[in-house]
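See the structures that follow.
There are two complexes below, and they share subunit A, which is joined by subunit B in the first and by subunit C in the second.
And then the complex of A and B:
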């Protein structure tokens, strides 16, 4: 069965790009997309997707806080951080239990980027 | 980092370090007393500031917790590359560390080997030395990005980026003129340190510009924003500093704005000179208008307004002749390949129709037309011998109250019902008794049977076989019927009958 994903990013352009990549290239079903941390939490609760991707800097509730709330409720949640911030915040999120991260900008036109993206998903999804 | 600290450091998971000097000592004398050397803590060994040390320890924490399930390259990318650009007053010189995992005999992570790498030049140096070809490449990238994205969304992005860069610029200017610039320290020292969340707004704007520029493929802009972000990140480290970073950040912001204007200009010239871009914009607008009109319930509206709504809905509708040009091309190409000359004529009893009207019958049309050109139409010499002029295939689109009729006709050699019946009997598709009980229409209909094939022996019906079975099935799958009529020597006519779908085919 197709894998499902929820995409949360406050940039619609990026949500669109990610959605297209997940659907067309990876064959995922995009269940929903949101624009802030609060939506990340509620959309995860609603859809319980195989994967949720989120940005770190988002309005209302930032990615770290959303991650904590999702993992509190669903410890098995697979959260993939997609961010351009490689600083302490990201380290913190990965230590807290985000499964992995993808670095922005999204370069779906670059082979290396796409290969890394795929390898990262493979790595995340092989763990139940 | 100490400039004299080059070499290999062993970083232990407890945050202590074996220095290159200690490693050299161990190599020279691996006896027990040498192992007893006290290992200095990270900060001391690498010459880190307390903040840098904290950052490094956080990363070590991640290494300890995640080195089994997170790829090492992913972890390494998060490692604190100690970019000391400018700290020693040498602009464009960067020192960084490269990390290797060291495992014990049981495959457990034992330590990390950190090798200092003097890159020799920082980002700005590298960009400058790439020179002209690199700049051209970026320009080409920009044009490609402009071509690859709908002008409307590119326009929205450019507006958004301009707004953000201006806002970033304003914040930077405000910072320059504020007291925070040198909080109680000597002139020329810089720090965002007094703020609760230093430079956050500026960072966020750059960050959005970078992300969106990357998404659209404006590589130069994305790289420029990345550079500004990096510089800002250095500035955001606590503690006053006297280095070249602020000047570079100011330049970087200025360059970004320049780059954005370049792209805007390129977009304008493309849209102005090329009808293509204009046509695309019009198509987008048209789509929106049609969508809006389709969403309106026109029944209760005043007649003039209703007329407007209905006309708007029908904007994308096109004449059957225009929509059938694909089939005209197909016929011409097939005929040319066979050394035949075939005219193609489209007629209709209706005005413009929905652009997708032919989509449902596409498969059937292609198979039937292929068959007509290939086998129905005679060779030019055969036609001359038969006293016929140039061959012609006709396509007639007939919209009726309850259905759509598509009639295809050729003036070729036609088909002989008796020959088809005989062939079907010999192929075992029907018994002789069944065939004899059929009228001419029934016999001709045998050509739609799946295993009906003629190969070469029956000239009159040659080759009308599998393709027609596919055509018949495709029409049936869509709830329609396919008929055939023919007489030897007098051409063939096919008719596809289809129910309407949701009024789409209606004029």
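And then the complex of A and C:
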């Protein structure tokens, strides 16, 4: 069965790039996309996708707070952080329950990057 | 840390950082070079992307600006066939993504240099800094680099104001 994903990033361009990758390369169904943490929470609640990808630096509600709210309501949620941030905030998100992270910039033109991205998704989706 | 030290350190890495970020969003290769500043750098653009990275004692306010003609040409290369307005929005969003990557790395650098975990970055914002609203950066507190892709006549400018508390 097709996997489903919700993509949340305040960059429309990034959302488009990710959407194309999930749809065209991975065969996922993109259920919805949002551009801030509040939308991440409401879109997860509405669609309950197999995976939600989230940036950390976003307006209204940042990725960390959105992660906390999603996991409070849906402890089984698979949240993949996609960020350019390094350091304590990212580690904090992993401790809080994000399944993994992908580091920006997204180099979909690089085979190694695509393979790493796919491997990360496989690991995440192995765990119920 | 003194501004001059921070500025030199960041200046030494900026071109590589920006080009790394650009490779993630633009289809073409860019070259970067420092703009020598005397007095002031001016941010004068109707569609300037800006973002703040800060620690308790330092702040780096970054700007990415691109001429509208360049944005339209880039939009045609990245997203051929899209309506002009949509294309411009996506190029702006791509520019914001470049700035976001650079600011994230600068925040990380600040956290290492100042041995603090208390660094933050704001989300990138698009603002009108044209004409009377032009934002001016004192050259002794600023960095400015031009990035060009000559084969496709594309260019953008990265500028930053770096300030630290005494």
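The rule is simple: the second predicted complex is superposed on the first by the 128 of 128 C-alpha atoms of A that agree within 3 Å, B and C clash if a C-alpha of one lies under 4 Å from a C-alpha of the other, contacts with A are read in each partner's own complex, and residues count from 1 in each chain.
Following the convention adopted for this analysis, a residue touches a chain if its C-beta (ideal position, glycine included) is under 8 Å from a C-beta of that chain, and two chains touch if they have at least 3 such contacts.
The structure displayed is predicted, hence computed values, not measured ones.
After superposition onto subunit A, the partners subunit B and subunit C occupy overlapping space and clash. By the touch criterion defined above, A:13 lies against subunit B and subunit C together after alignment on the C-alpha atoms of chain A.
Comparing subunit B with subunit C, the partner in contact with more residues of subunit A is B. In the superposition on chain A, A:4 contacts neither subunit B nor subunit C. In the superposition on chain A, A:42 makes contact with neither subunit B nor subunit C. When both complexes are overlaid on chain A, the residue A:59 reaches subunit C alone and has no touch with subunit B. In the superposed pair of complexes, A:29 makes contact with neither subunit B nor subunit C. With both structures placed on the common chain, the touch criterion links A:87 to subunit B and to subunit C.
Overlay on chain A, subunit B versus subunit C, candidates 183-191, 345-353, 435-443 or 471-479: the clashing stretch is 183-191.
Of the residues of subunit A, those at positions 11, 13-14, 17, 57, 84-88, 104-107, 109 touch subunit B in one of the two structures and subunit C in the other.
For subunit A in complex with subunit C, the residues that touch the partner chain are 10-14, 16-17, 57-59, 83-88, 104-107, 109. Every residue of subunit A that touches subunit B in the complex is listed here, in rising order: 11, 13-14, 17, 57, 84-88, 90-92, 94-95, 100-101, 103-107, 109, 119-120, 123, 127.
Those residues of subunit C that touch subunit A in the complex are listed here as 20-21, 23-25, 89-91, 93-94, 96-97, 100-101, 104-105, 107-108, 111, 117, 119, 121-124. Of all residues in subunit B, those touching subunit A in their complex are 55, 58-59, 61-62, 65-66, 69-71, 74, 77-78, 153, 157, 204, 207-208, 210-217, 222, 226, 229, 233.
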